[in-house]
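Each of the next two complexes has chain A plus one other chain: chain B in the first, chain C in the second.
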Partner chain A sequence: MTLGRAAYILMLLSPGIGLIVVFIGAVVYIAVAQSFGYYNLIGESGFSWSFWIEGIDRKSYLRAVRYSLYVGLTSAFLSVALAYPLALWLRKPFPGSMTISAILKAPLLVHGIVAAFLFLNVISYHGILNQMMVWLGIFDEPRRLQNDEHAIGLIFLQVWKNMPFALLLLTGAVQAISDDVLNAAQDLGAGAWQRFLTVIAPLTVSAMQASLIIIFIGALADFTFQTTIGPTNERSLAQYMTFMKDRGRWNDAAVVGVTLMALSLAGSVLLAVVSRLAFRGRRK
Partner chain B sequence: MIARLRIDQAPILVLLLICTLWLLIPFTMAVLWSLVDPSGTWTPDTLLPPVISLYRWEFMWNNSLLQPALLNSYTLAPTAAVVTLLLAMPTAYALGRYDFPGKETVKLIALLPLVVPTFVTAIFFSSILFQMGLAQYRFFAILLAHAVLFLPFAIRILTVSFEQVRQDHVDAARDLGASPLERFRVAYWPALKPGIMATLLIVFIQSIEEFAIAYIVGTPDFTTVPTLLYSQLGQDFNRSNAAVLALILAVPNVILMLILERFLKSANPALSSGKG
Partner chain C sequence: MLNRLMSATAALALTLSLAPAQAQTMDWDAVVAAAQEEGEVTWFVWYFEDRFREFTKAFTEEYGIEVRIPDGDHIANIDKMIAEAGRETGDIDVLAYGFDQLPNINPELFIALDGLPADEGRVATVAGIEGGAVAVAYWGNQTGIAYDPAKIADEDLPQTPEDFAAFWTSNPGQFGFNYENGGSGPSFYMSVLRAVSDVDFSESDDSAERIAALQGGIDFFNEHADDYVITASNADSITRLSDGEFTMVAAWEDHLAGLQVNGEVRDEIRFYIPEMGMFGGGNAVSIPANAPNANAALVFVDWLTSPEVQSRFNVEFGTAPMNLAADDSAALVSMEMRERQTAWPMRPFRDAVEAHFIDAVILER
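Here is the complex of A and B:
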């Protein structure tokens, strides 16, 4: 690569990547520094491992890590698994496909907090779901469905909100696959599942990675859904960090914050590598 | 064949029905809750509220921070969408069209704003603003933070778009003597258009929805619709007031998106024929 070309690439990267590096670099630096005892708002500052040692030793910390990973991974896989068949179905326009696509993508337009509020209304003690279950004879009397301990409601809402996002990315990617390729695979006797594994998935792996990663990170670091409809016996990492910060324990909050960042990064790399490896061998 | 198609489509049709019901029923309930007049309590044994009025709407319009919040949110979001798109384009072009050492690292760096939880970003960004004495420029501070936060979405989506530009189309256009502008129009634009649309759409929605930055950096005098709704869902939870705010947040969002989509669609023929 010549010097001129390198300078050209750097110039292209600077407004996007350059800005990200400066901005996020400053934020991450202060968060990491605080987790080691620097930049204290009150009292003296100085290097210390104690916030990390005490932090990761707490049961509540490990529990929050496990719970957030469960929510993040489940939401990402379910959203992408649901979006693929829909994206393939909508690949070619047919009568009514625009309406169907609009209905499926509608959750993108519904605010997260609004979605949580609507969901609460539906599943509340005297809500329509309970009324219907009693009317159908499935429930003898209304049940408490809010803030269920297995976070089923929360994951339902995560998938409802995020699946359209995966659909948006995957629709573009599957539409870019030419008919010739799919017809050739079909003529060679490949079934639907085989066509997906050998042709569609390898050709759309970029969009698949983007969907998985973005949904995973969003759900992992969720605060709003967790504080409104999530289980009351669990705390997400973002909630745990805010809990610490609200009590003025900035260094402890920084430990949780750095953990959350590390898990997001590690999870994203893992998802990207696994999806790439799973389909690279089939590419040829 | 017909039987197979029906079996194939049955789960999808059921899913569509559920999606439609899950949109219609909760929104209908929200509308009804927003119309409950304080003089009559709506109990579960009645299908509709006993007394209906626009009292809640008038109350919220006149007695909450709804008006400034709407102005703030709907100035911030489109500005953030355009700014983010402009910032992301050169980077996405480099990532989508050029091979260079460290490209995969650059792609990972582009994801950094997503790795940092928004509450961490919000708190430490506001701390930086205070130290620099810039805390009073709340609009521009939030705009900058939104642009950075949503750059990963824009870069990823636009990179995929740039990757999908077919080199044979670019070469064919060049061989036929097309100018750089014409090459962009015939070879790049058709592949980029859905990505640009998706970027504007997603950044707009993300900016409208964003809570942490707007709340931490905006407090006390810069209210957006989500921070207002969130505060209403807190201590003084009132289902009817929250329903009004939820509808105010959700409905214009849907309408604006439809207008944007229509605008982009109608812009397309003029651009693709070169007569715009």
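Here is the complex of A and C:
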């Protein structure tokens, strides 16, 4: 390829790549530089390791990393795990399947903060759930369900919001598997679970990877759900970053922000590699 | 001759005594005229935007200057002002912010407010923080305890940390406070830390020794961890109190009053400042150096901090007036009780206490 040809191709790609490089690249650059002491909005700017050294040594930082990873990974795996059976169920059209599919995907249209407050109304002390449980006699009196310390409510909401996205990707992927392939597996004696592990999962691994990665990144960086219905004895990385920023500690906030980006990248690569390795062997 | 000399002297004295005021009045008239020429003012305030849009219609009627109030966030508004400081003309005419944020902002980003007409009642120092030439207070607020009088009698209200501990023990799960998303909870726990520990909260020194000296207060909260509830925010605390879940919560006086005026919280909910004291302060307004309508901004700040507007704030929002000539008779607490107000801890000590409390109490729950 001549230099002119390469420049021509680069020029054609520049509207897309250029946006990524300029907008995302600039933000990443500033965040990284800020974590090393540059772009200090208040006070002196200059290179320093101190923000990283002090930052990663803080108890709040380590807890936030651990908690965000828990939320990100649990939400991603549960969403995909729930989406698979639904995608398989909806693989072949049947009367009402379009309606069911539309209802299942409805949470995609509900904004996160709206969903969080709706959920809060349902589980609050005098909310619908408590009233129903008391009325049924299951609870003697209303129970405090919001902001539970194990983040069960938060994970539930993450899955409710993200499962439809996984369903959207996986439905297309499972529909692309021909009946012949599945029938052949059945003829060879494969049960339902074995057909899933050896045929369906390997053939839909790309959609699975995309679902896992995109849901993981979103849940890892969650702020809205955490500050509304999340446990009050834990803080997500996004929440912790905001805590720092609100106190004018931009460099410390940048350390958390860069950590968030690094974990998103590392976690995505890990999920992609693990899912590929887990099913590659079965595909042979 | 003597009479003529005396008359001339008196006239000269009178002229001299009136000269500054007349000059100021004339200058102010010119400012108002220039403001009306500008025709609009943009006020960046981070709360009650809808209600302020209604409230400031009175300003528009009086001066013929339109007030624009965009929706925004407290820190985001400050960040925006800082971010666009390099521009010749910014978007913000008047910036509202908590007085405690002032030490974090470079005062050179604001214009001096010495162009305002003299008003001895105007307040420029709140909770020990001086606004200097660039900031004046327009909103006085007070933290305290909101309570449901149907569940606790006035004479039983806790006044000291020991009283609160006794209440928690006998009424587990009936007291709530937040540690983020609002300052009422931080005011409560820091007031307890101050009362229990022997640490001077008026010093800004955030040395490890001073933080370690708070251990008595930290132990106090950890010993009673199962008996109080951590809420998600100021609003969450008040909502759940009004909903009947709690007996008492930490709250802001003006926040509670505003929600009651709007009918969003039960009118029966009452408010008090415990004898151990809780923090109070206020919000300030300043005019960025690159304000697009600086004259209109000055006129607006003068109107906002006037005794008449401050008296109306007291009635409609339950604020403590920030003009000494204003009427505060509609407040939720008496002037006598307001004497229990204490000043917020100075930064960076306050930030260090908050971070330590989260690590040592919240993350240990």
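Simple rule for what comes next: the second predicted complex is superposed on the first by the 266 of 284 C-alpha atoms of A that agree within 3 Å, B and C clash if a C-alpha of one lies under 4 Å from a C-alpha of the other, contacts with A are read in each partner's own complex, and residues count from 1 in each chain.
Rule of thumb we're sticking to: contacts are C-beta pairs under 8 Å (C-beta built on N, C-alpha and C of every residue); 3 or more make two chains touch, one makes a residue touch a chain.
Owing to the predicted nature of the structure, the values given are computational and were not obtained by experimental measurement.
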Combined model on chain A where chain B meets chain C, clash or fit: fit
Chain B versus chain C as contact partner of A:246, first or second or both or neither: second
Which superposed partner A:94 touches (first chain B, second chain C, both, neither): neither
Which superposed partner A:228 touches (first chain B, second chain C, both, neither): both
Superposition-derived comparison: chain B or chain C, residues of chain A touched: B
Angle, in degrees and to the nearest 10, that opens at chain A between the C-alpha centres of chain B and chain C: 80
Touching partner for A:16 - first (chain B), second (chain C), both, neither: first
Chain B versus chain C as contact partner of A:49, first or second or both or neither: neither
First (chain B), second (chain C), both or neither touched by A:27: first
Partner chain(s) touched by A:213 [first = chain B, second = chain C, both, neither]: first
CA minimum distance (chain B, chain C), superposed complexes, angstrom: 5
Where chain A meets both chain C and chain B, residue numbers: 126, 228, 245
Residues on chain A engaged by chain C in the complex (per definition of touch): 41-42, 58-60, 63, 124-126, 142, 144, 146-147, 149, 227-229, 232-235, 239, 243, 245-249
Residues of chain B defined as touching chain A within the complex: 12, 15-16, 19-20, 22-23, 25-27, 29-30, 33, 43-44, 86-88, 90-94, 98, 100-101, 106, 108-121, 123-125, 127-128, 144-145, 147-148, 151-157, 160-161, 163-164, 194-195, 198, 201-202, 205, 208-209, 211-212, 226, 229-230, 233, 239, 242-243, 246, 249-250, 253-254, 257
Contact set on chain C toward chain A in their complex: 75, 82, 104, 106, 173, 178-181, 229-233, 240, 243-245, 351, 355, 358-359, 362-363, 365
Residue numbers on chain A that touch chain B, as the complex places them: 1, 5-6, 9, 11-17, 19-21, 23-24, 26-28, 30-31, 85-86, 89, 100, 103-104, 106, 108-114, 117-119, 121-122, 126, 128, 131, 160, 165, 168-169, 172-173, 176, 206-207, 210, 213-214, 217-218, 221, 223-224, 228, 237-238, 241-242, 245, 257, 260-261, 264-265, 268-269
